[in-house]
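Okay, so chain A shows up in both of these, paired with chain B first and chain C after.
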Partner chain A sequence: MKQVVLIIACVVAFIGMLVLGGISPVEAAQTLFTGSLGSPRAISGSLKETTPLLLAGLGVFFALRAGLFNIGIEGQFLLGGFASALVALAVPGPAGLLLAMVAGIAAGALWALPAGWIRAYRNGHEVITTIMLNSVAVALTDFLVAGPARAANQTGATTATIPTSGRLPALLNSPPWNVSSGLLLGLILCGVMAWWMKRRVAGYELQAVGANPSAAEFAGINVRKVRLNAMLISGAIGGLGGAIQTLAFEGRFYQGFSPGYGFDSLGVALLAGSNALLVVPMSLLFGVLSKGGTSLLILGVPKGLTNLVAGLVILISATIRYRRQAQDA
Partner chain B sequence: MSQAVEMRGISKQFGRVQALDNVGLTVESGSIHGVVGENGAGKSTLMKVLYGAYQADSGEVRVNGKAVNIRSSKEAIALGIGMVSQHYGIVPELTLLDNLILGAEPSVVLDKGKIRERASKIAASIGLDYGPEIWDRDASAMSASEAQRLEILKLLWREAKIMILDEPTAMLSPKDGEALFGSLRALTKEGATVLLVTHRLPEIMEYCDRVTVLRGGKWIADVPVSEANPEMLSELIVGRTLTASERPKPIAPTPPVLEVKSLSAARDRGTDAVQKASFELSPGELVGIAGVDGSGQAELFRALLGVTPIREGEMLWHGKAISNEPTEKRIELGWRILPEDRLQEAIISDWSLIENSTLGLHRLPEFSDGGKVRVPERAAFAHKAAEKFGTKHGGLETSIGGLSGGNQQRFVAARMTESGPKLFLAFQPSRGLDIAATEDLYAAMQERCREGAAGLVVSFDLDELMAHCHRVLVMFSGRVVVPPADANRDTLGRLMVGGEA
Partner chain C sequence: MLNTVLLTLSMATPLVLAAMAGYCSERSGVINIGLEGKMLMAACVSALVSISHGPVLGVLAAILAAIIMSLVHWLATQRFGIDHVISGMSLNAISAGATNFMFTRFSDPDRSGRIGTLPPLFYQVCAIAAPLALLVYVAKTRGGLWLVAAGSDPEKARLAGLQPDRIRLFALIATGLFSGLAGAYLVADTGVFTDNMTAGRGYIALAALILGGWRVGQTALACLAFGFLSSLNLLFQGTDLVGVALPSEFWTSLPYLATVIALAGFLGKQRTPAGLGKT
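For the complex of A and B:
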């Protein structure tokens, strides 16, 4: 019921803005739909947009269950993407692919380590530290890819292109369909995470720390260790997302590698609430909006407008959720 | 005399539960009126109807003779009705003065001098000498009894003439309790009316003019206190005759199971909250710790469980040093705790009763199969814990936050007594429980002790400890005093406020 209200409200708001901008809502809706879900090609494109949002979203979700808001997912995603490109270029073939994934995971975790440690042992807020680390990550990867890691024959700031043998194979590749196995990895990870949260003692402890840290302490849970680990794993998942982005879609790392997947994934995780499985539909929603938004550019609808809709979705759902909490209290 | 409050035929249903069934309440102006009953009798619901937090399904309310329809606490305040609930609404980051006026600021631009002047005048009306140095303190530095007084001052600031107090003395020492009732008496002389919800019958006998008894959502009796006695009231409350449990006799000394030696912990601004505490517990012994709130009992418990590191001294469990073991290890050894702050330390409100049932026990082999949650065992334990003290709930899958305080307490108390404790630390175990449930809980703790466990119980209610424990220790200002074996109530009472045995 509430979801229905949410969707209707968003559609109404979107139409209102289109009308204000002098664009026919019907035409815009058609374009948005055909551009994102109207053809096998469009669907493949939406799923491609969904993949990084799903992985980064799972990273954010994991930390959120431990009561930590990992805004640093963007930086971890960038570092993961960069590290995996370097390794995949250095080590050819399937072995390189595997090593590149590990490198991406490690880089993401490493980039989350300072924020996790400071939160756990010095009580410095992770939102502040991860925002700062994001800035460093952007500047650092920009510098590296413009200088030391730049491909010899390139004028732009980019690494060389990874040969196909070192890439993540497609799950389905019969044009116009094209679905990456990265999406499957994300779905598997999501299932595992949902199970882990419900059925493993460690998942129980993680969520206890997130819900009530002082009660967790009385329950004999090492709150600091849980926080540090949660941040590391969250970063590792973010790094994995970056690695998959490199190895499945981009084939290289370059300046502007992420158009803000990390930031969009914050909304994905917040909307998923307490259920890991909901990360899937939420990332799909954002993926579809993003792909459809690109098609709307042709009509002269700026990308900002679709972002605004995504923002509205977050705002309205947060309102609904917190209103319900206020009523319960 | 005129009637300040008249409620007639009040009924209120929550889902399938009839919380109030045709209940009436008449309160004379200028009186202290007690409302008693077991958990779930409908006391709090009735008060919340009067305060506008709930809307009655039927019935009428008159305030000072006028029929009213109170739809919110704001409207209640406008009618001069104020309520202090068990959970104080104090913002710790603000000063006492800011808390006092919060939500009832006299003007947009605050004239602190004038406000302070009026605030001090109000404080003086209940016998408190509050100068600027007190008003400008942070609320976080207040003790429970100061917080309680501030809540009353807040009502006075809002010019409440009818005050509802829900278990005001639960966290207070006998002395602070007396002071509180002194203040209330002074207020009723000025024309205020007090509605007192309490489980403590001595308070009714000593300070109230009339008392209304509720049971199971129904009106049972309304009697002048001058014609009542505690036995008669407790029979009306429970609906049957209670046999008072006999005080257990001190047990023959055996080698101690827990030895605490010169333990100091929780240092803050140069003083330890627990100072060189030394005592021993023998197996089978239920030992009470009496004392005024804030004497270091909470910190002692934290240090014992390992939540707060100890600074000095040591603890021996079966003769082996345990001070450096983590909390998890102590739980594994059979230590169980009922912490001080239920909402902050004992439960996770959003979680179901099932999930809460093993909080702290979740790593024990009964509930964890090599890191995998044993789901059926957990559900079975939750069921058992809910049954033990008759927790009323709407399903074990529903969140524990939806239960009343008394029912939450029943559940977490059972989590402690029913999980095979070797040592249990219970902080104010009877908090929010009625007489019958309190007796059941102490009976369960005594049974665990007969089976060989040792128990330590902190309570601010000295009588409760004297009635149920083998021995009573006293904590005052961070120190644990071991009174002489023949210490009587007066001696213990003196020790609680720093006197000599």
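For the complex of A and C:
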């Protein structure tokens, strides 16, 4: 009953803000729909937005199952995207493509290492460290891409563009349809993760640590090691997401590479709850919202609205989930 | 030299106020990741209301907005049983989105010049008064004892006849008051509101709180240290100290890196309130 009241309150607040802003809610909903799902081009665009959210969402989800909030996925995504752009520019062809993905994964894991280690061995909260590391990641990549890594003939802060032979091929490219193979990689990873969590001992241990660390400790699981590894793998997935963003879509790294994928992916992972396979529809939901939000910009709705919806959705879903647990107990 | 001291004080002001906000909340047992969002919301509201209704109402509205967000956090954690960190994070997201929405929608894009606010000195006095008041309150009054009891062991506090969730309600109102002042100061200091202008100060304040072992005096000192690191950015940007000019990004990152090192526990022992996050 209480959660119903909360949902209604949230929806009223949301519509209230639209009305206060002078926008008709009906018109806004229509624009959101046509901009994200109304045409093949729009759907392709939504899928493009879904890909980084799927990968970053899987990264957050992985850490979340071990009871860790990896808010740092934004920084890991940035570093992964940057490292892969450097490697892909240095090594041409398919070999470079493979190396670039590895570089992205390594960079992401490396950026998650301090947060993971501090959580596991020094008991410092990972939320604060990862957010701080995000700010450092933005500053670091901004500096590198404006200075040492900047393309010689460019005026803006960006690397050179990676030639087509060094990029991820499209899965389907017959305009207006355009779907990248990056999405397929994300789907495969999602399937593997779901299987791993359900069928492997390590996957079980990870979730045991997330559910009840002291019980896991008594059962003989090395909680610290599991936490550190969970953070590293989560960061690696975030880095892979950045690499795919570079290699499949952007073709370069520049200042403002991620418009907040890291944050939206937190909503994706929280909504997915305990089921890895649910990350797919949830990232699709946020991808559609993000693509539709871009069309809402034309109506004069500021881009912050999707953030607002993400926050409300997280709050509502958390309420419902925890209420249900309380009723079960 | 004097310049450094003044800059440090001005940089430390919002940190001290935010850290005191965090102190009230965390000492009563409520984890408050949402300081950042409360400050941002307060900054936005103070900018909007100061433009339309003058500086005094601007500050009051900022405090009110932060208190409302605090009450939502109380409702979420104490009544709906949401994880404190999740609630705080989602409040931050809501705040980031809502302030962007509100400011682009309701402010006049042609307006230029500084926003008229109360002088920064007002907030600096508050930042000095707040720790002193809290120090006396917690050490000398019954209410202060209740606050610490609710945060140290809510179960025993309940057995002793206290109502931890009611104590936390008042503690979170105080949190709203201080974080509202911290947010309004940012606008008073710069004269403008910009997207995400808190720039992680809420988290740095939390780190100062952890570094200070959840004690008023040490926390305020930690805030001064972080303020000093932030002031280095403005002092040394572009000047060469080690033969070459270090990039401005390095100086910007310094407080963030210090926060990470502080959390690694290299800078002090950690003394978490025992009842933090418990019901």
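We adopt the following convention: the second predicted complex is superposed on the first by the 312 of 329 C-alpha atoms of A that agree within 3 Å, B and C clash if a C-alpha of one lies under 4 Å from a C-alpha of the other, contacts with A are read in each partner's own complex, and residues count from 1 in each chain.
The rule is short, and it goes like this: contacts are C-beta pairs under 8 Å (C-beta built on N, C-alpha and C of every residue); 3 or more make two chains touch, one makes a residue touch a chain.
Predicted model, so just to flag it, every value in this text is computed and none were measured.
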Side-by-side fit of chain B and chain C on chain A, or clash: clash
Chain B versus chain C as contact partner of A:225, first or second or both or neither: neither
Which superposed partner A:41 touches (first chain B, second chain C, both, neither): neither
Partner chain in contact with A:123 - chain B first, chain C second, else both or neither: second
Partner chain in contact with A:217 - chain B first, chain C second, else both or neither: first
Chain B versus chain C, judged by how many residues of chain A each one touches: C
Clashing chain B stretch [against chain C; choices 8-16, 98-106, 116-124 or 170-178]: 98-106
Where chain A meets both chain C and chain B, residue numbers: none
In the complex with chain A, residue positions of chain C that touch it: 33, 76, 79-83, 85-87, 89-102, 104-106, 195, 199-200, 203-204, 206-207, 210, 247, 249-250, 252-253, 256-257, 259-260, 263-265, 270
Contact set on chain A toward chain B in their complex: 198-202, 204-205, 208, 211-212, 214-215, 217-222, 328
Chain B to chain A touching residues, read off their complex: 305, 307, 326-331, 337, 339, 341, 344-351, 355, 359-360, 362-363, 368, 371-373, 375, 401-402
Residues on chain A engaged by chain C in the complex (per definition of touch): 2-3, 6, 17, 20-22, 69, 71, 114-115, 117-118, 122-125, 127-129, 131-133, 135-136, 139-140, 142-143, 147, 263, 266-267, 270, 300-312, 314-315, 318-319, 322-323, 326
